[in-house]
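Have a look at the structure below before the remarks.
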Amino acid sequence: MLLHLSTWPEVETYLSRRQSIILPIGSTEQHGPTGLIGTDAITAEAIAAEVGRRSETLVGPTIPVGMAHHHMAFPGSMTVRPSTLIALIRDYVVALSAHGFRSVLFINGHGGNINSVQAAFSEVYEEMRAARGSDAPSLRCALSNWFMLPGVQAVQKELFGDREGWHATPSEVSVTWAVHPDQVRDAPLDPLPETSSTFFDSRDFRARFPDGRMGSDPALATAEHGRRFIDAAAAEILGRHGAFLDGA
Amino acid sequence: MLLHLSTWPEVETYLSRRQSIILPIGSTEQHGPTGLIGTDAITAEAIAAEVGRRSETLVGPTIPVGMAHHHMAFPGSMTVRPSTLIALIRDYVVALSAHGFRSVLFINGHGGNINSVQAAFSEVYEEMRAARGSDAPSLRCALSNWFMLPGVQAVQKELFGDREGWHATPSEVSVTWAVHPDQVRDAPLDPLPETSSTFFDSRDFRARFPDGRMGSDPALATAEHGRRFIDAAAAEILGRHGAFLDGA
Amino acid sequence: MLLHLSTWPEVETYLSRRQSIILPIGSTEQHGPTGLIGTDAITAEAIAAEVGRRSETLVGPTIPVGMAHHHMAFPGSMTVRPSTLIALIRDYVVALSAHGFRSVLFINGHGGNINSVQAAFSEVYEEMRAARGSDAPSLRCALSNWFMLPGVQAVQKELFGDREGWHATPSEVSVTWAVHPDQVRDAPLDPLPETSSTFFDSRDFRARFPDGRMGSDPALATAEHGRRFIDAAAAEILGRHGAFLDGA
Amino acid sequence: MLLHLSTWPEVETYLSRRQSIILPIGSTEQHGPTGLIGTDAITAEAIAAEVGRRSETLVGPTIPVGMAHHHMAFPGSMTVRPSTLIALIRDYVVALSAHGFRSVLFINGHGGNINSVQAAFSEVYEEMRAARGSDAPSLRCALSNWFMLPGVQAVQKELFGDREGWHATPSEVSVTWAVHPDQVRDAPLDPLPETSSTFFDSRDFRARFPDGRMGSDPALATAEHGRRFIDAAAAEILGRHGAFLDGA
Amino acid sequence: MLLHLSTWPEVETYLSRRQSIILPIGSTEQHGPTGLIGTDAITAEAIAAEVGRRSETLVGPTIPVGMAHHHMAFPGSMTVRPSTLIALIRDYVVALSAHGFRSVLFINGHGGNINSVQAAFSEVYEEMRAARGSDAPSLRCALSNWFMLPGVQAVQKELFGDREGWHATPSEVSVTWAVHPDQVRDAPLDPLPETSSTFFDSRDFRARFPDGRMGSDPALATAEHGRRFIDAAAAEILGRHGAFLDGA
Amino acid sequence: MLLHLSTWPEVETYLSRRQSIILPIGSTEQHGPTGLIGTDAITAEAIAAEVGRRSETLVGPTIPVGMAHHHMAFPGSMTVRPSTLIALIRDYVVALSAHGFRSVLFINGHGGNINSVQAAFSEVYEEMRAARGSDAPSLRCALSNWFMLPGVQAVQKELFGDREGWHATPSEVSVTWAVHPDQVRDAPLDPLPETSSTFFDSRDFRARFPDGRMGSDPALATAEHGRRFIDAAAAEILGRHGAFLDGA
C-alpha cells in the first residue's frame, strides 16, 4: 500500500489496525561513469515497496535528495546539508505521529544519509521530550540501510567478491537495472586502482576517485542480480524489523 | 531527460550546451474521499516530464512533500514547515548552481507551496548577494503553478464550470488518472455545500471542509481530461518559460 | 487606538470586548528617483491607522523593514531574509496570542513581503499544532495588500492608466504625499521604457530598471490622490475583513 | 536626515561624504498603569532624531519590538526571542554594509535589548570573518543606551532622586510626553513598595511588580523634563560617539 | 560535589533536598604573550568549585569555549557564535530543568560571554512560556562574572592599581597560577601603551592590542594573589547568590 | 601539549611546523548505579591527552556535554540536541581552520555523539564549498571512537567477555578509575538481565534498562585495567591516524 496512491479514508482505515509506515530515502548523486544519478533513491524505493507488499505496511514518499556533499565535484550531484535533512525528517515524523503513526522505518539507499537520519531521530525524540515530557506520544523510529545488511553483504561477496567496492557498486547498479531494464549503460571503465573507503570533503573525494567509483566494478551488474538483491534485502529487513512494523 | 536516469558524464555533456533544469514539486496530502494523497506530486511530475520532453530540458527529482499544514486534520497528510521547505529549496538551488545550472524552473502542483518556494528564491538570492556581492553567480529561479495558468483555467472552466472548486479538483484528479489509470476511485460523494476558498489553520480547514474537498466535484474527472490538462499545461509553460529554459 | 499610545490596563479593557489587532508592514527600499525609501511603511501605516479608526480596532507597531532583496542594488535599501521575516512575524503572533488576541490582520504595503508573511502564518499554525495539538489556541491570521485590492486598482487605472506600473507607483507616492505633504520631490524623470514586472535577483533588477521604477510614472502623484487611496483602501479592507476584525 | 524620508539618489550622495547611520531600537511593552506601551521606541526614536539632526547623520527606521519576554504577563506587551532579534539586526547590518555604511550606531531605549544587540554585533562580525577572512568589509557597530548614560542618570537623580526606579521611570515617561503632549495619563498609582531590579521570567516579574512599575514614580514626569532628557541624551551621545559617526 | 564525579543515584538524592546547580563558563582564547589560552575556563572552574564546596551545591561541567570572536586574530583562539552559545545554554538549562533543577547559576570567567548567556536565559524563559504558558516549570537562571564583582575589583585595585587593565589581567593570570603552579610563564612584555577597552571586530582588536593584552600587566601576577582572588570571589558570590542557591 | 595550557605565541610556533589538533568529546550522562556521570568525557580526555603526548600533537578543550537524549530519564544526565552539537562542532572547526589547522581529530567517548559529529563534518565541508568553492581551505576532519576500536574491543573481550555490554561498561569505568583513583564506587548491582543494545527514546531506554546499565557489569572494572585501555586505545589511534596527524 503506497501512501501517495491512497486516499485519506483508506489511511484512516489502515491506522485503525496498524500504526507503522515505511519511508524510503535515497540520494541524487553521481554513481560513476555508468551508474544512474538516481540510483540510491531507486534502490531504496524498490526495496521499500517490496517490504511494504510482503508485510502489508504503508509506504510513504521517497526522499529523493540526501546528504551527498562528498559527490558535489561531479556534475548532476545534489545535496542537502545535514541540518536541512534533520529538519526535513523531523517534520515528516512529527506530521506522521500526529495521525497516530507510532513506528516509522526508514529504508535507506545511501551511506551519506545515515548520520543525519539517526541524528534526526534523536532531534525528534528530544524535542518531544522537552515540549511534552511524559505526555509525549510513544514514537519509535528505525533505520535500515539495505546495502549494509549482513545477508545482502553475503550476496555481494558471493557475486562480486572484492569488486563490490563502496560506491557505484555492482549490487546497487543491479537493482537499478532490475527496476529500469531500459537504463542499462555499457561504457568502458578504467581499471580499478587500489583504493580505500576513506575521504574528506568533495574536492578530496574527486581527487581520490576520479571517475566517481570507489573500488567498484559496476560492469558486473545484471538485472537478475538486482532482483536477487531486492528479494534478499526485503526478506532480511522483514526478519529484523517485522515485529517493529507490527507494533510489537 | 531525467536527472535520476542520467549519469554524471551525461549531465556534463548536457551542461556544455544548456544550463537549465526543471524541478517538480508536489505535496502529500488528503485530496478528498476519492483523490490520491500523492495527487499534487503526480501531477507536477507528469507535467514537468512533458515540458522536459518537449524542450529537451533536464528534469530533476520531484519534491514529494510540501507545505500542507492546512490538511493536517486528515489522516495521511504530511507537511513540512515553511522554514524547512525554504532550507530544502535553498540547498537544491545552491547545489545545482555549483555545477553551472543558471535557470531553475519549479513546476508546482500545490497552492500551499507557492509562498515558501518564492520565499526560498529570495533567500538564495540574498544569501549569494551577502556572501559574494558582485561575484555571485548569475542565477535565475522561476515558479510555474500549472493549475493556475490562464490556459489551464480556461479548460477547467470549459470542462467543469463552477464544479472545479479549489481542492481535490476534477482537473487534478483527471491528471492523476491519466498517469495512473488503475487508481480510479469511485466512491459516493456528499453534495457540495456553498463554500469559499478561505481558511485559517488545519482545525479550521476541517471544520469548513469536512471531507477535504473545497467546492470541487472530482466525480467529473476522467483520464482523457487528464491528458488534455497535461498537454495544455505543458504547452503553456513552454510558451511562458521556453526562452527562460533556453537561457535567454 | 494605537498600541504604542496605549497603556496595558487600556489593552486589558480592549481585550475584554475585542480580540483583534491590525499590524502594518512595509519596507525600507528605493522607490525611484523621487519616491521615499520609507514609502511602503508610510502607506501601510496610514491605511492601517484609518482602518483602525473606522473599526475601533487596535493597531500595533509597523514592521518597517521587509523582504526587499531585489532592491539591494540601490543605496539605502534594506532587507531582511525571508527566514528572518518569518521568525519575526512568528514571534509577534505568538506574543499577541498569549494575551488572547485571536484575529491578526497584517496590512501590507510591499509586494516582496507577501510570500514571507503568508509563509509565517503557516509556520505559526504548524508550530502550534505540533506543540499543542487540539489544545492550540484558536488563532486566525490574515493579510491584506492594499495596493492590490480590486477597488484600489480601479482607482489606479482611472487616475493613472498604464502609467501606474509596478514600483514607485503614482498611487503609493500619492499616499506618502498625503501623509507627508512636505516631502514632495520634483526631479526630472527619464522617459519610461517598455518593461514588464519580471525580474530575478537584485543585480538583474537594477539591470532591468536602472532608476528603480518599474514602469511607473510617479510624477502623476498628488497628495489629494493619496487621500483618495487611503479612503478607498480603508473602505475595501473593512468590507473584506470587517467581520474578521469583529471576531466573526 | 531620515532614511525613510529620503530617496535613493539622496542616500547615494550622503554616502559619498559620510558612511555612518543611526538606528533607533525600542520595545513594545507595558510601562505601568500610566506609561505608554510604545515608550521605549518613542524615546529612542526622538533621541536618535535629535542626534541625527545635530550631527547631520542619517537615521534609519526604528525597531519597534524588542526583547521584552519579562513583560509578557501584562496585556499588550510584545516580544521577539533573542535569536530572532539577533537575526534581524544581523540582516540590517549586512544590508547597510553592502551600500558602504561603515559605522552603525544603535540608540536604544530598552534594557532588555542590550544583550541581544551586542550579541548580534558579534554574530555579524564573526559571520563576516568566517566567510571572507581578511576581505571582510571594515564595519563598526556601537550601542548607546540613552537611559544609562552618566549625564542622563545625573539628571534623573537631580529631578527624581530614588523615585526614578528601573521601569516606567519618570524620565522615560517625560520623554514620551515631550514627544506626544496629548498622551499624558493621570491615573492614581499605588504607593511604591520596597523593591529591587532583580527578576527571572515573566511570571516572576509580575509577581514582583504587580502593576508593572519597578520602583518608579511616573507621576513625577513632565513634558518639560522630557525635553531636557532629549537634550542631555543627544549631547552626551554626540560627545561619546561623535567621532565614531564622523568615521574617525 | 561535582556532577561529572557523581552517579545518577547520588544526583537523585541531591535533588531530593536541593534544586540548584552551578555551571562554570569560560573561553578558549589568547591571553597575551604569557597568559594561558584556557585562562577564563580555568578561573571560572576554580571559583565555581570553591563556591560549590562552601555551599554544598552541585557543580556541572565547564563550558570551555565561549564567544571570543574578538580574539580570533591570535592563533589558538576559538569561538562559538552567539547564536550557537545561546542554543547550547538553552539545551543545558532545558535538560537540567527536566530533572527538577530550579536554580541555575552560571559562574563566568569571560566578558565576551555575558551578552550571549543573558540572551540565552531570555530565550529559554520565552520558549517555555510560549510552549507551556502557566504550566511552565518554575526556573531561575543567574549569571555571576567573578572578575566584575565589586569586592574582587577592590582587590584588583589594591594589588595592581591601573595595571589590572581589561584582558590578560594580573588577577586572572594569578588565579591560573594558583590552579596550575607549573604553568607560570616569564616572558618579557612590551611596555603598555595608553589604551581603552573599546574595540570592534577581531581585526580591529588586534590593531589596537598587538600582543593581545588590553592595558594589563600580567607580570604582576602571583599564585598567592590568585588564591586571594578565588577566596574573595567565592565569598562574594555566596553573599550575593547564597539564598538563590538555597532555593529562596 | 594542551591548548588551554598554552599561550598564543606557543600555538603560533606549533602551527609553523604542524597543522593538526585533537579534540576530545564526551558526554554528561548516567552510567549506571556506580559509574560517574562524567565517564565519557573523562575517558575521551585521558586518551586524547595520551595520544597528544605520544605524537606531540596539540590537544584542545574537551566537549563535556554530548548528545545523550536517551539517558534523560535518569537524574543528572544532560544533553544537547543534534542540531546544537552540529552547530558547536561547526564553530570549533571553522575557528581552528582560520588559524591554519588542517587536520582535526575528534576522540570520542560516547556512542550517542557519533552521528552528530559526522554530520557536523559534512555540514562544515558543505558550508565551505558553497561559500568559497575551489577557494575553500583544505580541511580534514576525522573521528575516532576509542571504545569501538578493534584492538580495544579485543581487550574488552579478553578481560570481561560478554559482561562488557554496551553502557556503563567495565572498560570505560576502568578508565575513569585509572584517572580518578579516589572515585571508585562499590555499590551492589542487580543481576544483569538478558538484553540487547536496541532502544528508542529516553522513556523507552529507562523501561528497558532500569538502572541505566546496558548489559554491562562495571563491578569488573579496575584502575589497572583502565591504564591498559588508555594504552591500547592511544596506540591504536596513533596507528590509524598518525599519518593524518602528521598532515600526510
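Read from first to last, the chains carry the letters A, B, C, D, E and F; within each, the first residue is number 1.
Please note the rule applied: a contact is a pair of C-beta atoms (placed from the backbone, for glycine too) under 8 Å apart; a residue touches a chain by one contact, two chains touch by 3 or more.
These numbers come from a predicted model, not from an experiment.
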Touching chain C and also chain F, the following chains: A, B, D, E
Type of chain A:chain F copy interface by residue overlap (half), same or different: same
Distance from chain C to chain B - Cα centre to Cα centre, in angstrom: 28
Length of the line joining the C-alpha centres of chain C and chain D, rounded to whole Å: 25
Mean-CA-position distance for chain F and chain B (Å): 46
Per-residue multi-chain contacts in chain B, two or more chains: 72, 79, 81, 83, 98, 129, 131
Overall pattern in which the protein chains touch one another (line/ring/star/complete/other): other
Full enumeration of touching chain pairs: A-B, A-C, A-E, A-F, B-C, B-D, B-F, C-D, C-E, D-E, D-F, E-F
Partner chain D, residues of chain F touching it in the complex: 94, 98, 131
Touching residues (chain side chain E, partner chain F) in the complex: 2-12, 15, 28, 30-38, 41-42, 60-65, 72, 74-81, 83-84, 87-88, 90-92, 95-96, 98-100, 180, 183, 185, 187, 212
List of chain D residues in touch with chain F within their complex: 129-131, 133
Complex contact set, residues of chain A against chain F: 67, 69-70, 72, 79, 81-83, 86, 112, 114-116, 118-120, 122-123, 125-129, 134, 136, 138-141, 200-204
